Amino acid sequence: MPPARMVVCIERREVVARDHVELYFRHPALTAAVPGQFAHILTEGTLRRPLSFSRLDPASGLAAVLFRVVGRGTAWLAARREGEPLDLLGPLGRGFPPPEPDRPWCLVGGGVGIPPLFAAWARWKASLRAPITVIAGARTREAVVMVEDFRAGGAEPWVTTDDGSLGEAGTVLGPLRRWLASHPQGQVYACGPTPMLAAVAAAVQGHGPCYLGLEQRMGCGVGACLACVVPAADRATWPPWRRVCCDGPVFLAEEVRLE
Amino acid sequence: MPPARMVVCIERREVVARDHVELYFRHPALTAAVPGQFAHILTEGTLRRPLSFSRLDPASGLAAVLFRVVGRGTAWLAARREGEPLDLLGPLGRGFPPPEPDRPWCLVGGGVGIPPLFAAWARWKASLRAPITVIAGARTREAVVMVEDFRAGGAEPWVTTDDGSLGEAGTVLGPLRRWLASHPQGQVYACGPTPMLAAVAAAVQGHGPCYLGLEQRMGCGVGACLACVVPAADRATWPPWRRVCCDGPVFLAEEVRLE
Amino acid sequence: MSDNPLAVEVAGMALPNPIIAASGTFGFGPEYAPYVNLARLGAVAAKGVSWDPWPGNPPPRVWETAAGLLNSIGLQNPGVEVFCREDLPFLRRAQTRVIANVIGRTIDEYARVVERLEREAGIDAIEVNISCPNVKEGGISFGQDPDHAAAVTRAVRAVTRRPVIVKLSPNVSDPVAIAQAVAAAGADALSAINTVIGMAIDLKRRRPALGAVTGGLSGPAIKPIALRVVWEVAQSVHIPIIGIGGIESAEDVVEFLMAGATAVMMGTVTFRDPGRMEAVIEALPATLRALGFECVRDAIGAAQGFCEEARP
Amino acid sequence: MSDNPLAVEVAGMALPNPIIAASGTFGFGPEYAPYVNLARLGAVAAKGVSWDPWPGNPPPRVWETAAGLLNSIGLQNPGVEVFCREDLPFLRRAQTRVIANVIGRTIDEYARVVERLEREAGIDAIEVNISCPNVKEGGISFGQDPDHAAAVTRAVRAVTRRPVIVKLSPNVSDPVAIAQAVAAAGADALSAINTVIGMAIDLKRRRPALGAVTGGLSGPAIKPIALRVVWEVAQSVHIPIIGIGGIESAEDVVEFLMAGATAVMMGTVTFRDPGRMEAVIEALPATLRALGFECVRDAIGAAQGFCEEARP
């Protein structure tokens, strides 16, 4: 669907873990958005806040965003109640491409990078003939969100936590390397903090295609201000950057440099 | 009582007319404040808002402020509910002196200048042996506040409105001049917009003492920033100003120049 | 034009209303087209263009501050050739007034860019940015010295028949001196202000928040700074001024008009509310009436008049 | 002193913590005494004093803006003689560190005021205000020119053995040039920044909101402007800097420390919250710890270090 400015009503608000809130809104057209796309949401402050869709469910007509409270904007959002309106621009950016049906598929999410991958998995899992693996990691147990949602949909995510409080102790890199060993040509979709994405990209290099959902500080969210750039892998061609808001937020790992 | 910073609870909130709200708080010590003193109240925005006490009632332990909604701060205040806390500095400034018991006393209030005069009247009416007259004026009927309060206390204010929608058409100057004709040595306490105070001061000149409750844009409210000055009548002595927040807000008419 | 209370003329450019999208905050037009009716705006100032492509600064390039925004984009742009070929056609079709914003590292680069633009139809005015704080060479260095500012203005003036608007920097000891210099050098109008140099620290990363260390402050925080520049410049030059800085409402617009501006630009607020420029255009007639003005032109300089009388 | 994580030394002045009440926002001390424990503050900078009494500007003298405050007090003060006789005794008894803030219309006036203060006990440092935008003569005109600024500094330096702090203006093209000039002229420390020139229009009265037309902008709106001046000056002079501008929280304080300040002053926020300086002093140790610093001194310039490494 083409992006638009819209006012949506919060139909459901759930505290999914400490400091993690998911807000649902009914907007049947919006559920046609591509997983990996995001909404640019009006909160307090000078700028909107970009949040990826955690759910895009045409069946129920519900879309959702799941976020961690990290500052003023997300705190304001977390304090909204059911029935209140939200002003958003969306769906924005380029989401994930549909996965190739015959390639093993691995979704690697870190913290609040997990939600957009859940949306991708929910959208495309039925289209795959190859096996699907979900790896979900975070610093600590309560930041590994949406594990139950994957389970409810029939997946069993491999869970890692830095502090070992849930699943395997360590980062998503461990399970990912093991998966790559057995699926050298598999396709990887990853989303999470930039250092994690850099490590994922390095690990996947030389294997199958690797798509990354990036974050960068944004101004407009629509491609006008050139705030949200990340360095392009190719330093020779112009421009030497990619805009996360409209060239991304999803990029092939080879396209960008993660510093 | 010495000024202090205090957090008071709104015990009662009343919309006394369109855009006019009175907030009551129980604070027995504060009721010892002198009528004409004010509270510097925290609202949104960079600065506090000065509001005179409309009631200082030791019997009930209640103090109050009555204000007109004119901008962001008063709009915020008007939206407070009973039970909510208010952060205020007070009582600040110099209030009215007790009236001389044997002099006819006229209280002249314009719009939200009426409330501090109500507090003065309630405090001192019993101490007077001479007659007391209350003149209450405003642009239009709903801005003539506290008339019923005066009536409940046994006074019958002379009411004027610029548009004739209540009482005598015209300003407080008409009734005041008539009163001065019959009470040439009476004492006058006036509070209201600066142009009204200038006219009152001019009318009373050559008669009895005239006390004015002034307004000026304030910073600190406590005498530190020198924002709230009005020109002193005497241009020769230093400083050439009076500070409304601490030298006033009540001044003898001869002390200041109202421009 | 006389029937429309919002109509104004800026340096020969007839605008249906005084609201212009500020350069750098509105891309080259198509980015906001899903959200904004460009034809409804007074005009659109395109992102600044230079001769060669400029890469701009390393990210992060924006950071929020109290009632403000720091940016250090650094004038990333594809160069005038690509602008003319790929971006101008959209603006030309958008049935709005188009202001091309021009930057350069040297006086000659400014002139070359404007010369190149002269071959293109569909440009209503040239805005010369001598005030961008985000680049080392060119940009602000021309805007901080009256002689340099005048030299850029003269060079541009010589190669275009279009109205030349020179955009002033607030980062100077004496904005009036710059304004007078560029007016004398042939500017048809001034726009004021560009962003104020500022910075922020990212406490967690223990480093400057912006990749480029310092940036330009915009948004409501700088409105008083902008009003002062407009006010003082309006008293000292006789060419129209476009007011810019923190404008978010019709009341803000009237403040700038009363201070002496003929039109205004709105920038940062668009990021939060792409519809704000149109909402302000909608609200402006009633706001003017409530303040006793029949039209935009009545309000221009209205506070200037009063104050001069009040002075000794 | 080493036991106290908040202790700092500024130009030979030992402060128990880096929080100083900013000049002009704290009167001469007694006004805020019912609300603030002066002994708890790092220091108090008194309202500026001149030789003769100065009347200041016509009211209104303050006006609110987005996240800011415009003021045009205009340095009203009773003159140094009255200050010494009537105001200094209170400050002397308050068991705090006292910074006398000095203003003048001429270089000679600055020197005479400081000379007069030299005869008084109970003053820990002299702050030389060459940056007040609210007076026509003196004040900012000295702060906008490196030679004038140096001349004032030298004149003051010659007549006092106390630490001399020179207060910088942000209303200049190049704050670093001024900083270097006054450092070379013998300043022991710098304070930055004074207010930014601004104005507002009172729409209903159709005139400038302030009686003096323009005023000085303070408050959170100017914090990014102040941080940039502190940052750049810290890289170019080797004397301590006191950061000022929009500081409201312990985090704000650490931002200034990390940018290169040794101490800070808080002004406008006190009007809203007289207890804020003490609350910030209270919160500072935990805030520092949370950011990985053991004491104030660890944080000073911490972002400077990082960035230099990161540069090519």
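Order of writing sets the labels: A, B, C and D. Residues in every chain begin at 1.
The criterion applied here is as follows: a contact is a pair of C-beta atoms (placed from the backbone, for glycine too) under 8 Å apart; a residue touches a chain by one contact, two chains touch by 3 or more.
As the structure is a computational prediction, the values presented were derived from the model and not from experiment.
K.L.:
If you average the CA coordinates per chain, which chain's centre is most distant from that of subunit C?
P.N.:
Chain centre farthest from subunit C's centre: B.
K.L.:
Return the distance between the CA-based centres of subunit A and subunit C, expressed in whole Å.
P.N.:
Chain centres of subunit A and subunit C, defined by C-alpha means, are spaced 37 Å apart.
K.L.:
Per the centroid of Cα atoms for each chain, what is the distance between subunit A and subunit B, given in Å?
P.N.:
Using C-alpha averages as centres, the distance is 60 Å.
K.L.:
Take the average of all CA coordinates in subunit C, do the same for subunit D, and state the distance between these two points in whole angstrom.
P.N.:
33
K.L.:
If you average the Cα atoms of subunit B and of subunit C to get two centres, how far apart are those centres in Å?
P.N.:
Centre-to-centre distance between subunit B and subunit C: 47 Å.
K.L.:
For subunit C, write out the residues touching at least two other chains, lowest number first.
P.N.:
Where subunit C meets two or more other chains at a single residue, that happens at 65, 67-68, 219.
K.L.:
Could you tell me which shape the graph of touching chains takes: line, ring, star, complete or other?
P.N.:
Here the contact pattern is a line, an open path with two ends.
K.L.:
For this structure, enumerate the chain pairs that meet the touch criterion.
P.N.:
Touching chain pairs, listed by label, come out as A-C, B-D, C-D.
K.L.:
Show which residues of subunit A lie in contact with subunit C when the two form their complex.
P.N.:
Touch residues, subunit A against subunit C: 2-5, 42, 45-48, 89, 216-231, 238-241, 246.
K.L.:
Would you pull the subunit C residues touching subunit D in the complex into a rising list?
P.N.:
Residues 65-68, 70, 144, 171-174, 196-201, 203-208, 213-214, 217, 219-225, 227-228, 231-232, 246, 251, 254-255, 258-259, 291, 302-303, 306-307, 310.
K.L.:
Would you mind writing out the residues of subunit C in touch with subunit A in their complex?
P.N.:
Per the stated touch rule, the residues are 24-27, 31-32, 34-35, 47, 53, 55-56, 58-65, 67-69, 71, 73, 76, 78, 219, 268, 270-275.
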